[in-house]
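Presented sequentially are two complexes of chain A, the first with chain B as partner and the second with chain C.
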Partner chain A sequence: MNVAQQLVNGIIIGHAYALVAVGWTLLLGAARLVNFGHGQIYMVSAFIAWWVMSTTGLPYALAVPLAILASAALGAIMQRLFLRLTLSQDLVNLMIATLGFGQILEGAAGLAFGPKPETFTSPLQAIIFTLGPVWFTAQDTLTVGATILVFLGLYLVLDRTRFGAAVRMVAEDPPLVALYGIQISHVYISIFAFEGAAVAFAAVLIAPRTPILTSMGFEQVVMTFVVVVLGGIGSVGGSYIAGLLLGLFTTFFSALVSPAYTTASIFALLIAFMVLRPGKLAASGNFAR
Partner chain B sequence: MSARLQVRNLRVAYDRNLAVSIEHLTVEPGTLAAVIGANGAGKSTLINAIANWSRAAPRLSGEILIDDRAVAGKPADLLARRGVVLVPEGRGVFMGLTVEENLRAGLSAVNAGGKTYSLADIYTLFPRLRERGTTPGGSLSGGERQMLAIGRALRMAPRLLLLDEPSIGLAPRLVSLLLETIRALVDGGLTVFLVEQNVHAAMAVADSLYLLERGRVVASGSVAAMRDDPRIIEAYLGARDG
Partner chain C sequence: MKALPAPLRLFGLAALALLGFFLPRLLGGSSHVYDTFGMIATFSAMSYGLDIILSDLGEISLAHTAFFATGAYAAAILSVNDGQGAWVAMAGAVLAALALALVLGMITLRTREFAFSLVTYAAAVVCMNVAANWDFLGGSDGIVGIPPLTLSIGPASFSASQPPQFWPFAYLLLLLTLYVVHRFRRSRLGQAALMVHMNPRLASMCGLAGNQVRLLVFLVSAPISALAGWLYAFQRAYVGTDLFDTYFLVLMLTGVILAGRRLLLGPLLGTALLVGQKSFFSLGAYGDKLILGTVLVGILCFCPKGLANLWRRRSHAAVEK
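Right, the complex of A and B next:
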């Protein structure tokens, strides 16, 4: 086994996990909300980018912002649809409603794009860097760099800006927010739009690695769930570290044991964590720190 | 001059239980009106209803006029931006935000209608807050937290400041200091509607009083006129016993 190469692969995949999960981290940490249609937004974003590139011939660099915009809008629409569940913090019904919304997206994508795998590629995948025994692509570098920037940017926005303060206020005490003159539904819509945009950004960076299928959403939401729970539910820094460690874990587990049992092993890890450290599952008001 | 606040036939109910029923209540601009009464008399329910805010979900009916404009049913965040600013009982500031973040977080419209207090004004009013600028709200003492709650409300240029039991849990010396500060603000032109269980403290600073019992106004008038009212003496003694 080429340990150095596995380490690099693990770091890349780990950043990919973290980037896919960053929207959920904010959603759960700030708004105490869940979106089980998260994976399907990932899938739809990848297909939008693919569709734009294959039908219009636009370059990858233009398909990326289009997919992000479309998914931010999709997130905002979801928030609008489920506003009452959001405002009443009705988590169980929201879970079911977002899960259903995801299934509708998946069905619609199946009708629109068909059942066969498609490929959409980034020109950066063809640029390969070799450093001694390891190699990686420019796309990998972009993924890692973009993830670090997104996490750092999110941390700074939450910690330093008035909008970030509003998000932390919503996380701490939703009713009190109104007395500060802030309309809470606007904050929720921004959070959902960020969740959509962030998962779309992740999709357009990561999906080119493998053929895309309209059924690929479920796996993404599962991995995101694991990252967010291991990261301490809604902790920005925690999700980044959890994503990274999970990437390293899956890479080495696949290499040393068997790729077939990787998903099962992740769930074993999750269950062990939930049983051993249940106190850590409670989200804290200081999630930005 | 027209009244700053008029309440007419206000009824507030939780489920089917009528908690507050007020025929008529007025607050003149630039005055301090206090609502007194025993625990459970409906004081908080009344002041929350004026701001159309509650942690529960009461049903409201009746008329609430701010500067002769009907505001009943308007969302609490809109009322806050328009200068009807409530400092609720208990948790009135964000624990996870620093003192300065709390003071900067509020949104108010240009037509909020009250005097605009800058950050420096608040720090002059409550020098203790300046020293605690970077401290999270959760690490403040009870008195500091109450100063912050009032300070952040003043930042929103209130035309009507609604204060729900600002003295609760504070040492007696701090209570009079806080109420004297509020009195000084009223003398400077602020209009305040105050809910206060401490009848003695309320009478020391208020211009007019409303005595609430089981959700109804049973006595009202200027402090001077109310001082000898047997019902007030009774309520005052009751409060001291409780």
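Right, the complex of A and C next:
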């Protein structure tokens, strides 16, 4: 085994995990909401980029912002639909509704894009850097760099701006924030739009690595969930580190043990974490009734 | 409405059950009709497993596709690989589901709300991964060649290979499930579950161990979905990883929510509407997914208490006028 190469792969995949999960970190940490349609938004974003490139012939660099815009709109529409559930903090129904929304996206994508696996490529994939025994592509470099920028940006916005303060306030006590004169519905819609845009950004950077399928959303949520939980729910820095460590873990697990059982091993990791450090997941935490 | 005297009510129920049994024949009795009715009965039995968790315990388990699949896989392995009869397969399905529910119940014991849902969702994905990769479970090809369902009681033996022959079994399973759910809601455990759901503090002051109640309810609910899976395996003659498809999960959830929670016949009516659409007005696999998702989102956004509540509200309004 080329340890150095696996290390590099792990770092790249880890950044990819972190980027897919960044929207959820905000969603769960700041707004106490979950989105089971997350994986399907990832899938739809990848297909929008593919569709734009294959039908209009636009370059990858233009397909990326289009896919991000479309998914941000999707996230905003989704939250606008669910606003009543969100405002009444009906979290159980909200959770099921996001699952239903994911099902709508999957059905619609199947009708629009068909059942075949498709591929779309980024020109940056052809540029390969070699450093001694390891190699990586310019696309990998972009993924790592973009992830770091998104996390830094999110941290700064949450920590330093008025809007970030509003988001954190909404997480603590929505009715009080409304009394203070902040339109909480706008905050919620913005959070969902960010979640859509972030996962779309992740999809257009990462999906060129593998063929895309309309059924691929199902498993995406699991990795995101583990990243957010291991990172300490809602902690921006924590999610980044958790994503990175998880990337290294899965790379070495699939190289040394078995690629087929990677998801199962991640789940085992999650359970071990929950048993050892129940913290916020347990009934005694913030999320208990 | 005044309650009817007990014998009359029993007679009414028996008449209703008998009518239900002959319903597919009254609707033309074609193989397609029987097939649809068999599916409605099987899938609503599956939904009742989730109904107990969702309506009584107030949590959303996303692992019930795994229980459904566990029942189906147990039936397939025992009847194809080991050549066992349907009774043994049934016992295997229940035991396997109980074992899985015990493990999952212990893992999720201290989680609530979205944490509970996410862990159960992840568990279902892991089960699907294991089923797709483990040769013992048929890998990605699944297990084919499940023999026709044959149940023998003493000297009598009942066999089913065609939809019309299958219907009595599915219908019996449905009636049994309805009876179990009805009894559960009136049982000490059912009452305890509701109290733990509605007012956990009061429940613990009354001396109820919340976690124990949750675990027990989980153990009651899993075999219900597993038995539906057991029957579905014989109905379809093969099992595969498609049993874990979110379609089944969303079907269960929508079935429970569509008519209204904590209504005994709710999941049956909800499932009947959804399966009926798929069977008679299908728009293809993707179109049906789209419809299912739209129905679920629509109900939750505009009428979260279910269609029955809409009707109830209207009749209340009429009374007030």
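Quick notes on this one:
Criterion: the second predicted complex is superposed on the first by the 279 of 289 C-alpha atoms of A that agree within 3 Å, B and C clash if a C-alpha of one lies under 4 Å from a C-alpha of the other, contacts with A are read in each partner's own complex, and residues count from 1 in each chain.
Definition applied: a residue touches a chain if its C-beta (ideal position, glycine included) is under 8 Å from a C-beta of that chain, and two chains touch if they have at least 3 such contacts.
Predicted, not measured: the structure shown is a model, and the values here were computed from it.
When both complexes are superposed on chain A, chain B and chain C end up sitting side by side without clashing.
When the two complexes are overlaid on their common chain A, residue A:178 makes contact with chain B while staying clear of chain C. Applying the stated contact rule after C-alpha superposition, one finds that A:100 touches chain C and leaves chain B untouched. By the touch criterion stated above, A:169 is placed in contact with chain B alone, chain C being left untouched. Between the C-alpha centres of chain B and chain C, as viewed from that of chain A, the superposed structures give an angle of 90°, to the nearest 10.
For chain A, the partner that touches more of its residues is C, with chain B and chain C as the two candidates. Minimum Cα-Cα distance between chain B and chain C in the superposed model: 17 Å. The contact sets of chain A with chain B and with chain C never meet.
Residues of chain C touching chain A in their complex: 58-60, 62, 107, 110-115, 117-119, 121-123, 125-126, 129-130, 132-133, 200, 246-247, 249-250, 253-254, 257, 284-297, 300-301, 304. Of all residues in chain A, only 28, 34, 36, 81-82, 84-85, 90-97, 99-111, 214, 218-219, 221-222, 225-226, 229, 260-261, 263-264, 267, 270-271, 274, 278, 281-283, 287-289 touch chain C in the complex they form.
Every residue of chain A that touches chain B in the complex is listed here, in rising order: 162, 165-166, 168-169, 171-173, 175-184, 285-286. By the touch criterion given at the top, residues 51, 53-55, 75-78, 80-81, 85-88, 91-92, 94-97, 101, 104-109, 152, 156 of chain B touch chain A in their complex.
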